[in-house]
Each structure stands twice: as C-alpha cells, then as structure tokens.
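To start, the structure itself, in structure tokens.
All chains are identified by letter, namely A, B, C and D, in their written order; residue positions are counted from 1 within each chain.
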Amino acid sequence: MVKVGILGAAGYTGGELIRLLLNHPEVEIIFANSESNAGNKVYDVHEGLICETELEFTDEMPFDKVDVVFFCFGHGKSEAFLKEHSIPQNVKIIDLAQDFRIKGAHDYVYGLPEIHRAEAAKCQHLANPGCFATCIQVGLLPLAKAGLLTNDIAVNAITGSTGAGQKPAATTHFSWRSDNFSVYKLFNHQHLHEICQTLNELKPQGAPHVVDTLDEGFDAEGITVDFIPYRGDFARGIFCTEVVKLSEAKTAEEIAQLYKDFYADAAFTHYSDKALDLKQVVNTNKALVHTEVFGRKVVVTSMIDNLLKGAVGQAVQNMNIMFGLDEKAGLHLKASAF
Amino acid sequence: MVKVGILGAAGYTGGELIRLLLNHPEVEIIFANSESNAGNKVYDVHEGLICETELEFTDEMPFDKVDVVFFCFGHGKSEAFLKEHSIPQNVKIIDLAQDFRIKGAHDYVYGLPEIHRAEAAKCQHLANPGCFATCIQVGLLPLAKAGLLTNDIAVNAITGSTGAGQKPAATTHFSWRSDNFSVYKLFNHQHLHEICQTLNELKPQGAPHVVDTLDEGFDAEGITVDFIPYRGDFARGIFCTEVVKLSEAKTAEEIAQLYKDFYADAAFTHYSDKALDLKQVVNTNKALVHTEVFGRKVVVTSMIDNLLKGAVGQAVQNMNIMFGLDEKAGLHLKASAF
Amino acid sequence: MVKVGILGAAGYTGGELIRLLLNHPEVEIIFANSESNAGNKVYDVHEGLICETELEFTDEMPFDKVDVVFFCFGHGKSEAFLKEHSIPQNVKIIDLAQDFRIKGAHDYVYGLPEIHRAEAAKCQHLANPGCFATCIQVGLLPLAKAGLLTNDIAVNAITGSTGAGQKPAATTHFSWRSDNFSVYKLFNHQHLHEICQTLNELKPQGAPHVVDTLDEGFDAEGITVDFIPYRGDFARGIFCTEVVKLSEAKTAEEIAQLYKDFYADAAFTHYSDKALDLKQVVNTNKALVHTEVFGRKVVVTSMIDNLLKGAVGQAVQNMNIMFGLDEKAGLHLKASAF
Amino acid sequence: MVKVGILGAAGYTGGELIRLLLNHPEVEIIFANSESNAGNKVYDVHEGLICETELEFTDEMPFDKVDVVFFCFGHGKSEAFLKEHSIPQNVKIIDLAQDFRIKGAHDYVYGLPEIHRAEAAKCQHLANPGCFATCIQVGLLPLAKAGLLTNDIAVNAITGSTGAGQKPAATTHFSWRSDNFSVYKLFNHQHLHEICQTLNELKPQGAPHVVDTLDEGFDAEGITVDFIPYRGDFARGIFCTEVVKLSEAKTAEEIAQLYKDFYADAAFTHYSDKALDLKQVVNTNKALVHTEVFGRKVVVTSMIDNLLKGAVGQAVQNMNIMFGLDEKAGLHLKASAF
C-alpha cells in the first residue's frame, strides 16, 4: 500500500483527491492536512463523503510516515512551503500547482504521461500539469511532434466553474454565472508557459519556434498559441478547439492515423472518429480527441474533466506510474454521462 | 413626472429598479445613492445598462428634490436609516425591506395590491411585501377570505438564487448550486410573520386562527403554515405549492371560480385553467395561480418572479397606485420565456 | 463471475447499467440486447464508453449462457415480454420496470434492501423499486415501522430530467426545461402503489391504514400520502421532503436515533446529522436522510440519484445480494460533487 | 398603427414576435397564422401570454388587411410559400428565413441596419439576417470597412439552445445538453454566405477577397472566415470572439475609436470599453462589442440575444425603419440580467 499525505486537503482538488484515493485499491491516506479545519471530519467539508470515511483533517504533517505527498495548494504556495519545511528525500512529491512546471533549478518532472511516462516512473518530484495545459496539449502533441505546426494556432477553450476554485467571487456567483458566458485572461493565460515549453521540446529540428508570448512578447519570431479561455456555465470540464494550418497537406485519414498512433499506448487519452461532447469525459480521467480537415487546416477538438485528467486524476495516474502500479488503478470511474 | 430617489442602488433590487424605471414613461430618476460607488456610472455596476443611461451613483440624498424614495437596503437597515436621517413629510417612502411589514407603531401600509390597493392609494409610507410572502399569499388569499382554511397548510416554495442577494457565499457559489437542491430555514422563514398577519386579517369571524409559529410556537392553538423553502438551481423566480384541506367540500369548478372572482380586478395576478411552469412569469410582474381539487384537498400552484412581483416590480406597481398612475405603467415586460 | 444479459440496453437505464457493470469485479456482460441497434458498438449509443468496451448490441437473447437478466424496458413491457418469451428457471430476473412491484400472482420480491434483503438473497425474480418510491420510502420507513404515522403525509419530491427517459419531448426540451420548474401527476403518481404497499406492510397492528388513493380514492378511511412530484432543472437526482405528524411526541434526538438504528446495517442508506444537499449523492448509490422536529411534526429530507439508487445502482445492489457477493461490489462510485 | 400579419406564428420566433408586438405602441396584430393551431388561443402555445391577449391562431391569411407580413417559417419555406401564394404589392414582407439573404433575382434588401438602414427604409421586401451572421458581422464590420482584414479570421461563437428551434431532438434534450458542450457544422455553417457577402461588399478596393468556402472551397484565393459554432448549455444568446490579424499596426485606442465611430449612429449596437458577459444583452435587442489588441492582432468580442437582435428584435427594428417609426419603438426591453 502506498502511504499518502495530502496538503491543502480542504480545497476543491484536495476533496476530489480524497474521493479518489478512498476507492484506490493500493493506497492508504495517512494524513489530510488543513490548518483551518484541523480536528474536523473530512466529511464536514467534503460533505458527500459522509459514511465513507471517518478521516479527520489534521494540522500535523508526519512526512516520515508517508511515501508520497500531494500538494493541493494554490499556485505559488508550493515553492514557499518548501522553503519553510523540509520533506525527507525518500518521500515523493506530486505538486498540483504551477510552481515547478517550467524547467529550472529543480528536479521536478513535468508529469504529462502522454510524453513523459518514462521520466515520471523514475522521478522523486513531479509537477502535475495545469488543466487547460493538459487539454490543449493532448490536442496538439501529435501535430507538434510531426512538425506540422506552421502558423499561429487558434485555441479556444471553455472551462467549468470548478476551475476557478472554492473561494466565492463575483464571477463564481450562481446568479451571475448561470446562463452566462465570458472570456478572461485573453491571450494571457499562465498555462501558455507550459504549453509552449512542451511544443518546443517536441518539435523536430527546423520546425518553427513556438513563442511564449507572455515572456517573449507578440512580436517575437515564430508561431504563437492564440489562446482564448472562456468561462462556461457548467461546473466540470474543459472543451477545447485548436485550429492548425499544416506545414504540408494531409488527408483526414492521415491526420486521424497520426493521432491514433501517437496515443496507442496512452492509458486515458483516446482518439474518437466521431464528433465529441463534453459529458463523455465528465467525472472520468479520460481525454478524448477528434480531428477534422478542411483544406490545409485541421480543427482539433479535445476535452477533459478539469478536476480529474486536468488535476487530481492525472496526479493519481502519475502516482501510479511513479510507484509502478497499474496506471489505471483507482481511476476506473463511471462517467456521469448526464 | 414622478421624481424618484433610490437608496441602496448598487444591490440586486436597486439595479432591477433602475432597469425598470429607465423605461417607465412617467418617472424621472433624480438620484441613485450608493456610498461605496459614488461617482461611478450606474452601468459600471449594473453592466447591462451600458448605453442606456449616463446616470452616476451619488453619496448625496437630496430628498427635497424627489416625490418618492425607494429603500433598497438589506433587512433591518431601513428602520436604522430613518433614526439617523429625516425625510420630508411630503416625500413618499416605499420600503423593500421587511422593517415595516408587520403592523405596529408606524404608518406603513402593507403593499399587497390584491388586498390593499385602496389603502396604498392614499398612503405616504408603504412596506413592500417579501418575495415568498407575495407568492404564498396570492396562492392562499381567496381560500382565506372564504373561510375555507381549516387545517395546517403544507407550503413548499422553490426560489432562485437572486433571492439570496448579491454577496457571494458558499451557497451561492456556482460550483455548489449548479444542479444542486437543498432546503433552508425549514419551518422558520421570517416571511411567516407577514403571511400569518394577512391570513388572520382576511379570515371571516369564526374561522380558525392562523398561528405565527415563529412568535407563538408550534403548540399554540390554531392552524399553521408549514413552509419549506428550497434553493433551486435557477436565478429568477419562485414556484410554490400550497396544499389546503377545505372546511367544506367544493368542486374543482367552484374553487377555480373563487380564484377568478377574487382576482378579477387584479392588474398582474391571474388564474390559469392549465398547469403552470415557472418561465411563464420569469422577467415579468405577473403572478399566476392554478388549482386542482382531490377529495377535500386543494392543491394550489402559485408563482412569481422574485425580483419583480416579489420585489421591485411590485414596488413600482405600488408607486403607480400611490401616484394615481396607470397601475401597469412601466411594467409591460416581455417574458423571457426561454 | 456472474454472467449477465441486458434487455433494453440502449436506453438510459441500460446505458447506466453497462457503465456500472464494466467496472464490476465479479460480472461479465454476455449480451446487451437492442433490436434497433443490433450490430452497433455500445459506445455508438452510450458515447462515453468509447475505448472502454468493444461490446456490440445484439438482437439475440442467449438466456442459456447467463446467470441473470436485467429488464431495462419501459413500464408494462416486462410482463408482455414474458408472455412471448421463455426464460430458463435457473436464470434470475431483475426487472427495473413497475410490472411486478405490487404483490400478486407472481413470485417477484420487491427489492428494497433496507427491508427485504433476506428475501432478495433467496429469490429468483426481483422487482426493482421505482426512483421516487425508493427516495420516499427511505424517508418514511423508520416512522412507519415505529407506528408513528398518524396523519396525512405531505411529500414533495423534485426529480431530474433523466427520470423522464431518453425520448425527446416538449417537457424535456432544453429550451423549456432550463431554469424552469413545474409539477406533474399531482397526487396521482403511479409510485404511490408501491409506497403504500410497503407502509402498510411495515406498520404495527393498530396503526392507521395508508390509503392508496389511486385505487381507493380520496375519501377512503386512513391516512394518505399527498405526493407532489416536481420537474427540476437538473439531470440527475431526487430531492424529497416528507412532513409527518407523529402519533406521539418525540424529541429530535429520539427521531434521529430511530433512523440511525433502522439504517445501522444498510449498505448505502445513511442518516446525516446535518442538512443535506442533492449533490452529496449524485452519481453514487447512496441514499441520505435527515430529520428535524417542530412540535409534533417531523420534517424528513431524503435524497438519491434517480438512475443509481433509484434504478440500476439498486438493481446491481440487489444482484450482489442475490448472488451472495459483497453488497457494495461495483458500487464504490466517486460522487461527482460538482 | 401598422397592421401586421404573422406566418408561422406558433414557432419560437413567431411567439417571440407576438410577445414583442403586443407591447409595441404603433402596431396592431391582424392575424397570426398557424394551420395546425387554428382556432386555439395564442396563449395555449405561447403560454406566458395568458391574460395578455385573447388573440387566436388562424388558418386564414387576409393579406389585404395588413401593411406588413412577417415570415417566421423554417428555412427554405419562404420561397416555396411565395410560389404558391400571392401577396399584394403594397404589403411589405419581412422574411426571417435565409431564403433571400443572398443577392439574386429578387428585390429583398439584406436588413442589417448597421449598414443598410437607408435601403431598408425604402424597401418593400426585406431579408432579416441570421443570428450568428448578425453577431459575427457586428464584430467585423468596422475592420472590414477600414480594409484591415488581411488574414484568415478565427471566429468562435457559442449559441443557446433556442437557436435550434422548437422541435425536440437528441441534441436539445435537457438530459444531454445540460452541462454539456459541443461543436456542429464546423467550418460549414450556412451563415458564412451572408457574412462573406457583406464583408466583400464593405471592403475597400484592393483589400483581399473574402472566400465563401461553402461555395468556393478551401483552396480559393483570399482570406477565409474560420467559423466554429458551439452548442452552449443556456437557452438564449450568442457569444462570439473574432481574431483578426491587421493589415497594419494599430493601437488599442485606434481600434476602439474605429468601432465607436462606426456605431455612433447605431440604435442598438454599442462599443464597450470593458470586457463583456453574455447576460448584458440577454432579453434585449442590443449588440455589444469589445476589442483588445495584442501585437498585430485584434480580439473582438461580440454578443447578442439570438431571438431578438438575432431574429425578431431585429425584424421589428427593420419594420420600424421601413415604416418611418422610431427605430427603437417597442424595443425598450428590460435585460433579464440574471
């Protein structure tokens, strides 16, 4: 049994992680840390867990009793936490925040199993990808690796409200968000960093550089990811389209085959021959991808559940990989479907 | 032209009142008071009003320039406000809070036009009924007046999220409320006060006393209004059923006729021969009522838009009555329907 | 491994049953019958199942190869089917329709595990309870058994749209149902039959008869279940309140204890000390119940997922019982929570 | 008073048109034609109209008694109708279908008041623009006229379910569409015809041709409108983004000014300096537009209510123009806002 500790256990991702791990056949939750809720039952906060566990939140962090710690903090807090606390070297870390997703003076592996499964299997520290980043990347990886990206890429992605976290705000108020639609962080979403990092890592030599416009600006040489995030009026899921102008003409069948080959070994990412709808993946760890070809352009549709494949589902998938378990263990989730 | 001042103009009811009055043919808005928003355009807060008005919020209250003031405060603040401020005798007041709905040492008329139109027409100060209270009362008034109430009344009413106001809270978070359902203030909702006051006022001599359980407790002699409020996962509207056991047998036709007669002169409250659905009234000032009879029991369905007939629509209706205008002026609203 | 055949496999309940059974550790699906879809992949209809199974619908019914058959027909078709087809005596039947829920000239056990687990464990043929019937019964069983029901019972239950099945209709049109609310089959819902049957079966001698108003009319002697079903604007779940006037005074603690004792051994039905919200149970097989006491009245809140505990989840629970498996096998479902 | 006849009066647009015209100060409805509903009250179908009108559907078409006829047919039926029926020359026609939107052997003016108000004022026959077409055009017109369109345009537009009409279908089933998201008619939506027609009409000489890919294919010379339509899980409204690469660098201020100037005289289309959200326009006839500039790219957001500015609201606006009435008459609609 893998012994697990959870930091930030009272938030949205913390709760979803607990819901997953309680049914995971190879996992034991050792502690669920939340200072403000210490002493309360986990089901006092994550109310659906009533009668499923008597686990209590704790303000302690007995790192010596666990094999792995999940960081379910808000962004920026993981790095700060590690400056103030010391975690034994033999304890693995899976960080759900964005603090270590970009390569730098750290040893965190960027945990997108579709491309980094081998590295993840050997690593001690793993940075779990962002939700938009996961959805957009699974839509673009095969084209990037084949060197087919040639022009600016139009990316439009609609996210559910759980992507905005638990804290009530004007834009998460039901009266406002219900039946509403809006954009935010237009062309400026922080996930562009990790998306561009991956696309540049994957591209064959000679293929054009993908510009991280947040760092390099809009006039830098190369192709850009023109990413528009939308707030949808649903709670779970990300639905994304990516329009790519190919560097050379391809048939619809060739593109479909490219994706099928690329994801042949993926545990949760699949190509669909039919058009997609979001509820096929809601409440599961699956990512589904579909393509259509018009002249030199490919329109990709990709979608995930933002809390699962876009957050804790993928984190558990990564844990499975890191500990040599069945990659799907604990992740045979029934789709909600309706 | 009736000159209007609005206090609490930046809240939900304040905004809806401005949206109504801008199209009212006989009204001029003199000031819209909001201390925290003073100097801002009204459309900065109530964003749909862009290009409809250049009106700005003010922290001033020039009562000498207006004919009527609307109090769009939270509950309890109206009375407090009047202790600290003096409003000229010739300025009419319409209070949307609950501060003066119960008879006492004040001269406020309870402004339910279905029963108090004549008093409202002559009054200086008017207490606008609560949203649940309006919906439940229009469902029960004809039976109460006919002395047909004999047993405890089962009242179930589902409200939209705008009933909870503008301030973000856990139970107004989209992620929580979407697709969710719950009850609150079970058998304890404060609107019971005004409902019981009206039912007792209307009942013929000899008919049983209606117990205000909040004041008199559950063991007092008489019949009770067993009111369960539900939080629905929609933004606007109240849908209510009232189950009444009649003091004497009546046919379905007799009950229907009783309602039709009672509301023959009502400007906005109508009896429908067919079953109802909430969106018939959403975004209008209408109240619709339908009845079915089973043995000695009547099941009443009543419904309103909580922000309109349940709040500012009725307030404007009352203003029209108080100033001798057409009762429907400014209230010919297109239903949203979908 | 239990070998399973499914009739009516292309409908809502058929699809949900397949989604459950694919992850059930002790089950093998032998055939999924749907005449109109014969030859198609199951994931062509139940689209979320892409990449989870290559199972195809069949128009064959090889009863000799299975241990149990699930009838996922519309109501009334099960009985008709059995007149035209012969199923071997050793094959168990679980019927999800209402055809055999009322006792009569058949050997079907009414499969509500909270009261009939022992009978179910020994039976060959089982009638799975209705969705409303399950939710309302778990709310009333402890009071019925204790003989505390004394007066007409006010039952208000709100159901999601999946309760209305797969066939598009005016009242399932998104444009109509979204943000809408309505009642239907007022005081006339067919589930009253099975509810009354159970309440009368459970009540101690001397306690008042519960009138099945559909059969006996509204003037028969006894107490009635005044059931108002509502169409909610969500897809999954039933949220129900039951107001009961007790035959003798009880404290809130006594009532809570009564429920806790009654459900002490229940696998999926639990008493909650806190107020409930529907999403605690959505996408799970759980039923949650909560009570509050006001004078002589108890207000019960009960809730389930209509497709799971209200249909196929309970059917699988019953299958587990009938085959001596762990009652929870295949039913460790992660709540969708949001 | 303008005397109005309505054909196809029982559908979604027919109903919305009646809801508008009943409150229009200068209009009298002479007949509302619906063969299948002849003799029924209008409020039997459009149920919110109870107590607002006693108008009945008729199967007659007394064209000699009206000044204008609205065609609220499905697409393709208007032209067929006119082949079989003769409408007097002095009766104006406003066709809401797409039959006459493209120039050809007919005298219909394409009724987008933002560019064709003068022609509309003089015309007998008017083709009312499509909903997506209106929303996308108001987003692109100023750039097109200024000759700033230079590259393929990425258009993403999300529509509410009322865009799909009244007939129940799998993709309008509440259980499917609620919380769901999908695309349809990818790069193939029929409104591309009218959009391209307008953009080419407006562009200065020398600016690149806009390719109607439906007619000319994806390899034709020029720039394309890469339009992805999405099904949103709300009932009313279209929210659209258009990403344009400018032919020459412009500041954010210059672009904003371009839009403000272009729409200075528009009755319902306005530029907003702030980011938009859909509910600002829902239930109104307004179109709102906002722009942001990133390097050489402009991201435009445009939005309308699909049934109003995208259909009958614009039709009434056109009627007002055609009859010399105040362009806003009957269209002072209160936003639903929530």
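To be clear about the criterion, contacts are C-beta pairs under 8 Å (C-beta built on N, C-alpha and C of every residue); 3 or more make two chains touch, one makes a residue touch a chain.
This one's a predicted model, so the numbers in the text were calculated from it and none came from an experiment.
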| item | value |
| --- | --- |
| Distance-maximising chain from chain B - centres being C-alpha averages | A |
| Which of C-D and B-D has more C-beta contact pairs | B-D |
| Separation of chain B from chain C, taking each centre as the mean of its C-alpha atoms, in whole Å | 39 |
| Centroid distance [mean C-alpha coordinates] between chain D and chain C, Å | 46 |
| Between chain B and chain D, centroid-to-centroid distance (C-alpha), Å | 36 |
| Chain C, residues touching no fewer than two other chains | 12, 160-162, 175-176, 178-179, 233-236, 277, 279, 282, 338 |
| In the complex, chain D residues that touch chain C | 12, 160-162, 164, 166, 168-170, 172-179, 233-235 |
| Residue numbers on chain C that touch chain B, as the complex places them | 152, 154, 156, 158, 175-176, 178-184, 186-187, 213, 217-219, 226, 228, 230, 232-237, 239, 241, 243, 245, 275-279, 282, 292, 294-297, 299, 301, 303, 338 |
| Chain A to chain C touching residues, read off their complex | 12, 15-16, 19-20, 23, 44, 46-51, 160-162, 178-179, 235-236, 270, 272, 274, 277, 279-284, 286, 288, 307, 332-338 |
